[in-house]
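Shared between the two complexes below is subunit A, which pairs with subunit B and subunit C, respectively.
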Partner chain A sequence: MSTDLDFGDEPLLSWDRWDRMKNSELFIFFAAGAFAVLFPWLFIRAPITGDIFTGYGSLAKTILIWSIFAVGFNLLLGETGLLSFGHAAFYGVAGYGAGWVAIYSYGHPLLMIVVGVIMGAVFSMLVAPILLRLHTVYFAIVSLAIAQTLFWLAREPFNQWTGGENGLTRMEVKPLFGDVTPADQLPDVLGTLMGSWMYLLIAVFFVITIVAVHRVKKSPYGLIFKAIRENETRSAFIGMDVWRYKFASFVMSATIAGLAGALLTVDKAFVGIRRLWWSASGDVVVMTVIGGLRTLFGPVAGAIVYQWFGGVVDGYPQIGQYWLLILAAVFTGIVWWYPDGIWGLFSQIGDFLRSLGGDNE
Partner chain B sequence: MSLLDVQNVTMEFGGLLALDNVDMSIERGELVSLIGPNGAGKSTLINVITGMLDPTEGSVIYDGENVVGKQPYEITQLGLGRSFQTAEIFPELTVRENVNVASFLTEHGSFSLNFFRRRDGYGEVRERTEEVLETLDLVDDADLPAKSLPYGDTRRLEVAVGMATDPELMFMDEPTAGMSPAETDMTTDLIKTMQNELGITILLVEHDMDVVFDVSDRIVTLHQGNIIAKGTPEEIQGDPKVRSAYLGGGGG
Partner chain C sequence: MALLGEVVRFTFLSLSITSIYVLVAIGLSIVFGSLKFVNMAHGALYLLGAYVGLFIAYSNTRVGGSLESFAPLGLEWGFGAALILTPIVVAILGVIMERLMAKPLYDRDMLDQLLITFGVLIGLQEVIGITTGRTGYTYTRPEWAQGPIPLPGIGTASRWRIYVIFATIALLAIILMFYKYTDYGLAVRAGTEDAEMTQMLGIRITRPYLLIFAIGAAYAGLAGILGGSTFNVGPQIGIEIIIPALVIVIMGGVGSIRGTIIAALMAGVTFSAVTEFWPAMATASIYILAIVVLTLKPQGIVPSVVLEE
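Take a look at the complex of A and B:
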């Protein structure tokens, strides 16, 4: 009779409805999209944020690229429980791959991204047979060793292909379509919100990454990854070919790291050797842990905080030179009080507000 | 033909003979208990059968197929389930998820799962999970994290996870260890249900002799890596070799 019939007794706005909605793919899609569209404006230009939060244009792109990297990394660390300390390898290999396409073939942004991602993924498949036999700290150390080996190889023996210390230059990134290059401004209100086409390109891949990772987490694989994290021995005794699923998790995670690396090459038209250096692997660990292991959006929050410290706080008078120290203190504090990171803090605040709102029927 | 045939299995650890030419078989539908004092080789034998250890010599024939050298997951997929002595569960997952992950692997082997499909779309998996939760009386706790369960319930979950693999033959390693008398009674009933109503063949390792004599069709006694007696509960109860093994005749 009335439209209320569709919902039974449930009001249009209720916590139950919210709980169901917030895990739906459509909601994740719109949330990630809305974030990607509004973030640069809020971060760089919004009048309400004032001077202290003001970042700069290229930092918004960097943050989104690292967000992609960290979200993919978290699939391996947060879900499957494998701490890789060498993800810079996949990030770097894909970055060089994208660069080589532009130099030796044709520098269309999408071609660079596709080839870069494939190279990152293939490289992860090559090292998986060595790495996935190892556990815990041995896994971390050998993954670090593999990434460092690549760094040293890229620096000296292969410097005619990698440009060594000087990095890979002389690449030309071609227009996306027509005569629109990635560096061009977006038209009208899109330009005000997001700036360049390059940002839009990164944002599109960001949303794809978020939705894809969300989907994997909701699939049987998501459950299996968690089972491996919780108890690998038991997993084998319920009939699981553990190696196969670890391999899947590892390659998925490396592929997403590769996507981030390829996007960075398109953005900068340059590949620096420091992408392979261990600190890149370390950065992504810190971002993921600060943001919140086992959460979908946590690593994004971690990437924002980390890059904001490195890119903005760094430039402040007096305290700027201590940014790493401040970050270390923040990191320790967050991990101490909120093992689930910034995202865990957000959910706790949310739960608190909800209990104030009288959600106790 | 026996469901499980252990033939001349010898297991040596650097000169130490843990199993010495062990022969035993289990018929379909039977409940066989494996008993013996600590250090008799019970765990080693189970580990050999389930693929955790490869025997130095001998073969393990399951349903006509030699399983020596196969990986534990392959053996599980053939239909040999296992519940562990220490609760080997997935602590951070909910009770339902614990069972669910086993159901997925059972219904879909290892090869037909899609990493881009929502897992609540797999109806037959959900049914299997709910069935197991009901059989083991875990429905009320299904949404709790497994680590929050009291001890007895954890052990029941342990069995539930093993059951979800749809075993034809189930190994139960001391399912009543550390349980209160009431919990032990419940577990005994459960074991009988599994055998009689669900048609599962069971190999039970157990120290509680009341349970063993209550549920077993046959009993195999291991002592210092050798089988010293096989027979019905009545035969074993009166066997002088079994008595001396338990009362300090050999191992102390």
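Take a look at the complex of A and C:
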């Protein structure tokens, strides 16, 4: 990394330097961190938006959790080209896992997260042998079938453990350390910026996820994912064990989905059965595609847009009821005409501005 | 005797469930197999069928959504008229769907097809939900479609189920004969083998494609009425039917009509059997069946078309 930031006698600000820097891990780390720290303040409390968002503190947490989910999902769909319509399974399983820890053992947030994530990952390893033999459409539909099966299983046969339709309640989330519970406000300026300890916890995992996914994407390992996406047969011909890489990509993606599910459980101290419903899988597909496939921050933008529509626009008079219709139309249009999504639009605008500035690279 | 009566009752029950599934799945299967087009929006045709039928048959007093002020809404022409007119209306909607949505997508990646048709399905469900409300509707069947028919020596069978089963068998025969014995069907099959070559020989394959799409749509629309009076009616039924339908198509093996029918039979029997003793798991049982089948045979029961990797 030191080589990335070793600029010699170049001018301090140049496009070359920016191009080199913007893909360095350190930059990604700081960018994700800065975003996570400033986002709730900009979103909720900053004067530009007025006071209309004051009540939306929990929406910032929800957005960040879904961002984690979507970034992980994009690793599978964007990088490896596998469309899973059943990612709700891992999200839900991890959510229940975290809940069970709190109920039957000790509800320390980190313990809940670790156990939840492990449960999501193990479950993905169990279903991977079934799914990874299947072709695109088969893969999508059977993953959906698996998630739906889990939903129906959780709804009645296992309602003793899952709470069925009422969801899993009566869990107690213990303090993070000392007597600081996740719901407590952060001290001083951090509190103004980010609100609660819970948000900080989510933000830490958000930054870790972004950096981890970035590292995978830029590594030779991640390049093989791309090779498989572009041409699976050819990848096999040149001697790659395609199944192994698909398995790795699938499990990584499911693990991140599990992280999101576990974090949501810690935040809400509740697990609802709707987390396993197909719409959770559908939501993450929509977010990822709207934000921009194959980009690192695109799914984050997609999550913000989706949650903003679902949580804020939904409440508007007149147009409120059209929120999902608008999103479905936008989603369809993006796949059809502009697969780069919101993030692609951003970079296109950026390139345009840059060309105005005389940089014709 | 009682056992025989039970067996007959169960047979008719499972066959009538199968009928609904097979009517939705058959169009999906042909379009998927021959045009290599995977159409999640096919579920919207079932949804539209259910709603069109509802508004043709009855005068609905409890309309929600933005049409609320127009209640009672509907033509009130009766259930029989709905059974005949709905497939026609939905076939026309299917033609529009083919021209506007499906045709431009035939050459696209399957991933794109899945995503776009999923978006269209959600969008259409939202349109229905916004205009007619989120609460469900109910079909009340007229007297001629209700009650038991006595079967001498065995007991009774539901009149409605018998109608549904025989209508389905007739419709399946029609589409199979169309596919196998007409010039249009031949053109579709030729297009399946090699679309470019078929066109080079001077055969317009777009019209046969359109026709086969429209027939599939009509069947899905009819299934909307049949399913609407068996299960429930609400804006979400589009996706609720397309998941089992797609599962049936891939379980049967893409491109094989025989496979689709066998898979639908298996799904119908499983669904009805599980409903008998464990209703909560009825829907999931189809998925578990499919997962088991596809684990054993990843290409489906009757593998015919190999999808390009």
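The rule we apply is simple: the second predicted complex is superposed on the first by the 338 of 361 C-alpha atoms of A that agree within 3 Å, B and C clash if a C-alpha of one lies under 4 Å from a C-alpha of the other, contacts with A are read in each partner's own complex, and residues count from 1 in each chain.
FYI, contacts are C-beta pairs under 8 Å (C-beta built on N, C-alpha and C of every residue); 3 or more make two chains touch, one makes a residue touch a chain.
Source: prediction; values computed, not measured.
Novice: On subunit A, which partner touches more residues: subunit B or subunit C?
Specialist: Looking at subunit A, the partner in contact with more of its residues is C.
Novice: Let me test your reading of the model: by the given contact rule, A:Phe346 touches which partner, first (subunit B), second (subunit C), both or neither?
Specialist: neither
Novice: Output check: A:Val216 vs subunit B and subunit C. Expected answer is one of first, second, both, neither. What do you get?
Specialist: After superposing on A, A:Val216 lies in contact with subunit B but is clear of subunit C.
Novice: Scan A:Thr149 for contacts with subunit B and subunit C and give back first, second, both or neither.
Specialist: In the superposed model, A:Thr149 contacts subunit C only, not subunit B.
Novice: Touch check for A:Thr233: first (subunit B), second (subunit C), both, or neither?
Specialist: A:Thr233 sits against subunit B and subunit C alike.
Novice: Look at A:Ala248 in the shared chain and tell me whether it touches subunit B only, subunit C only, both, or neither; answer first, second, both or neither.
Specialist: Touch status of A:Ala248: first partner only.
Novice: Return first, second, both or neither, reflecting whether A:Ala329 touches subunit B, subunit C, both chains, or no partner chain.
Specialist: second
Novice: Scan A:Phe158 for contacts with subunit B and subunit C and give back first, second, both or neither.
Specialist: A:Phe158: touches no partner chain.
Novice: Looking at the overlay, what does A:Thr136 touch: subunit B (first), subunit C (second), both, or neither?
Specialist: second
Novice: On subunit A, which stretch or stretches are contacted by subunit B in one complex as well as by subunit C in the other?
Specialist: Of subunit A, residues 233 contact subunit B in one complex and subunit C in the other.
Novice: Where on subunit B does subunit A make contact in their complex?
Specialist: Those in contact with subunit A are residues 50, 71-73, 76-77, 82, 84, 88-93, 97, 100-102, 104-106, 108-110, 113-120, 122, 125, 161-162, 164-165.
Novice: Can you name the residues of subunit A that touch subunit C in the complex?
Specialist: 81, 83, 130, 133-138, 140-142, 144-146, 148-149, 151-153, 155-157, 232-233, 278, 282, 285-286, 289, 321-322, 324-325, 328-329, 331-332, 335-336
Novice: Of all residues in subunit C, which touch subunit A in the complex?
Specialist: Subunit C reaches subunit A through residues 32, 38, 110-112, 114-116, 118-120, 122-123, 126-127, 130, 239, 243, 246-247, 250, 254, 280-281, 283-284, 287-288, 290-291, 294-295, 298, 307, 309.
Novice: Show which residues of subunit A lie in contact with subunit B when the two form their complex.
Specialist: Subunit A residues touching subunit B: 212, 215-216, 218-224, 226-227, 229-231, 233-242, 244, 248, 252.
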